[in-house]
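Every chain is named by a letter (A, B and C) in the order it is written, and numbering of its residues begins at 1.
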Amino acid sequence: MSAAAEETKAEAGAPLLQADGVSIQFGGLKALTDFNLSVRQGDLQGLIGPNGAGKSTAFNVLTGVYQPTQGEVRVGGQRVNGWLPHQINHLGLARTFQNIRLFRALTALDNVKVACRAQGALHPEGVGLGAKMKGAFINYRDWWRALLLTPRFQQEERELTQQAEHLLEVMGLSHRRDEEARNLPYGEQRRLEIARALGTQPKVLLLDEPAAGMNTREKADLMVLIRKLRDDFKLGVLVIEHDMKLVMGICECITVLDHGETIARGAPAQVRSDRKVIEAYLGDSYLESHGGAA
Amino acid sequence: MAQLLQHLINGLAAGTIYALVALGYTMVYGVLKLINFAHGDVMMVGVYMGYATAFALGRDMRSSLLGVAVVFAVAMLGCALLGFLIERFAYRPLREKPRLTALITAIGISFALSYGFQLDLGFLPGAAPRAFPEVIEPVEWLVIGDRDVVVWNWQVISFGIAVALMVGLQYLVFRTRFGRAMRAVSWDHRVAALMGIPTDRVIALTFMLSSALAAGAGLLYAIKDTSVSPLMGLYVGLKAFVAAVIGGIGHVPGAVVGGLVLGLVEEFVVGYAASTWRDAVAFGFLILVLLVKPGGLFGRVAAEKV
Amino acid sequence: METPAIPAPEARSAVPASLRGLLPVLLALPVLALFQGLMSDAPFASYLLSVVGVNIILAVSLNIVNGMTGQFSIGHAGFMAVGAYISGVLSLNFKDVALSFLPVAVSDQVFFVVSLLVGGLAAALCGFLVGLPSLRLRGDYLAIVTLGFGEIIRVVVQNTDAFGRALGLSGIPQTSSPAMVYFFVFLTVLVARRITGSSHGRSLWAIREDEVAAEAMGVDTTGYKVRAFVISSFFAGIAGALFAHFVPIINPGSFTFVKSMEIVVMVVLGGLGSTTGAIVAATFLTLLPEGMRSLFTLLGAEGSLAQKVDQIRMPVYGLLLVALMLARPQGLFGTKEIWDVLPRWIPRKRRGLA
């Protein structure tokens, strides 16, 4: 672990993202039961489990796409049950999607600019009437600036562009700046999604199978990159991943879900040796291929 | 009290007709997730087919039981064919395209039909409403008090036909092989195709079925109104669509309930408030229902898979 | 996150930043004045051009909702009606009032512009009310709500004495002029283009592309949809108000579902999301029937043939929609603008948005 990471780890205080006893039910189906989680700055955690274990559901509850039936989610100490996804995003939680959801007809640059724009400064924190009024005022002032093409607006637009270009560069996508997102190769689309998520200036980044569909080499690169992002942007990162080796390799703490229940949690070595995990998730094939890792 | 009863009867009679047309919207929406905007206009075409048949049969023939049957049969079969053609040539090529594309197409067809029928081309009847022949001669079926409440025979007959059609449909959807295939396609037409269900055929049959139902309903409506016009499809269709949405689109019994509710609401507004507000009622009610219960009375809003 | 120091503004514009906002307006005014001078002796051309202009405003404003934001409104004529009736009633009531310190003609124009703006604002308010359900409805449901709204407006007008019921309003002062119409055409297009080029426009496009992702990236999707509706209906209201001031009579028949569909056809033909496409399609679809009618009249055909043009228009629109969807669903220009599809030798603007 780099020195920077050690440092950020040391100053990490209260959890930035916290789930307390979160359950969600769809009709009769319990998709997630008593899910607990706490992500701090500098964390790099993994969330694994077999297909249909509730990993993506967990992401959707954390980001406000679904509402928990029970329990509560806190982002930056703020209880966010009942909040809309964009409001939760403004508190500093950003995500990528398992099935890439870019703005396909927009250029790579514009994809990131959408995210850069929609962040905090425009939307004062808080949910009271005062904050709402202030938000509305800022918003309308902003519309007028855009319509009148004021110097301030032009300046902001340039800053946005630079921010977005910077993020594209970080993700190694500068050469795709003006290309439509749908024309990017698969791996680059995944990276663009991360760039876009970073554009919202998150404190916690949720990555939903960021390495899916990549080859081994690309995966290795990506993992290095994720670590670097965590350090450079002072993030807490939570990764859903299918590739066991990969998760084991980079995550310091892993949560294992099966049928919506948390069956294990801990350091990779600990999880790897957990009987329940091996039975429920890794199964025989893993034991075979790794010569009985337990 | 008697007045209330009369409105109740009229409302139910109108409601069953809305319900029948609404069933067509709901079935098509069920299998294709498409609001078949042209449904009402297909209905209108069916009514004109019935109109032409009734005239061809002549005055004596058309009010006999056989004559009525022929009128209905021609209209329903003709519409089934029309529905088939529309599906085959307009909707099928767009099935994998964005939903908006099909919706726009449907609106286009609706337009082409409802305004095409207004053209003065000789073989078409033109824009003016025509009197629909009395295929069912009006008889007072039941009179209560000093004509406080009157139930006409056509109300009973249309109620009967509508109920029979609905029961038949319910049987078809839930008790037959075709119904099962239809429900499978409605669940996920790609998966259904992989399971060996002839998706194209099921969808085509659904269109034919819904169009035939619409023709039947349209004739009942024309008999009730004693008139037929090229724009009737647009208005009856829209209201029936409202009924389908109120019940929860895609939900078969919901469409029936929605139709009845709409029929009653309209009747009461016309009866107790002002008839000129009639056309606004359906939409006002729709917006109200959608705001309170976005999925309609019985439907549920499916959470989008993320 | 730290961003590097901001370098000097791009050098490609010779215009100072503080002027760029206002410049197009300053350039447009003399052009419009000249245009007005040319038009003053040609009543039919004035009328025709005004109709084209109103339709351009309608199509471009509808494109903000249907094209940029990816919603589907089919009740645009309802907003137009609100603008037309509100401003019409205002103008009727203030017909004989003049500001004493101004020449009568100028005073009339002042009242006219005020009534236009009031009409636009009333329509915008309705747009806000219709946009609100988009909070909970998507796609086709929203389409039905807008359609329902249009119908409700029509019924309300038919039942209100102040709006002349089914007979409509006549005697509204004819204070409109092609120059005024095209000033608002210009304003609408300018606003549409500037929205596209701003972060607000990008947020709208994001909603069109993927609502869930937009929301996850912090875009207040509901808020933006409502704002798109408000802006779009404001200009529809302006269009209606302009219309009310150059036609002899407005009645509920001018703002039916048919009119809404006409505008939808224009937007779809031009390409959902293309402002210039909407302009081209609106111009074409307005002039075509007029041209055919004039042609038939010119050729000395009986009146019936000229009338048929009007009759045939609607079914043709319908078939046109179907044919478009089957053959070229993206319309003329797709989401591009005209300068993106012009031949190579014409200098192009760099594309910011797709």
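Keep this in mind: contacts are C-beta pairs under 8 Å (C-beta built on N, C-alpha and C of every residue); 3 or more make two chains touch, one makes a residue touch a chain.
Just so you know, these numbers come straight off a predicted model, no measurement behind them.
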| item | value |
| --- | --- |
| Chain separated most widely from chain A, comparing mean CA positions | B |
| Most centrally placed chain, judged by C-alpha centres | C |
| Averaged-CA centre spacing for the pair chain C and chain B, given as whole angstrom | 35 |
| Euclidean distance of C-alpha centroids - chain A vs chain B, Å | 48 |
| Euclidean distance of C-alpha centroids - chain A vs chain C, Å | 41 |
| Contacts with 2+ other chains: residues of chain C | 212 |
| Numbers and ranges of chain B residues touching at least 2 other chains | 306 |
| Interface hub residues of chain A, defined as touching at least two other chains | 65, 97 |
| Residues of chain B touching chain C in the complex | 35, 90, 93-94, 97, 99-105, 107-113, 115-116, 118-120, 234, 238, 241-242, 245, 274, 276-277, 279-280, 282-284, 286-287, 290-291, 294, 304, 306 |
| In the complex with chain C, residue positions of chain A that touch it | 63, 65, 84-86, 89-90, 94-95, 97, 101-107, 110, 113-115, 117-119, 123, 139, 142-143, 146-151, 153-160, 162-163, 166, 178, 180, 196-201, 233 |
| Contact set on chain C toward chain B in their complex | 72, 74, 133, 136-137, 139-141, 143-145, 147-149, 151-152, 154-156, 158-159, 212, 257, 261, 264, 268, 308, 311-312, 314-315, 317-322, 324-326, 329 |
| Contact set on chain C toward chain A in their complex | 1, 3-4, 6, 9-10, 17-18, 20-22, 191, 194-195, 198-200, 202-203, 205-206, 209-210, 212-223, 227, 335, 351-354 |
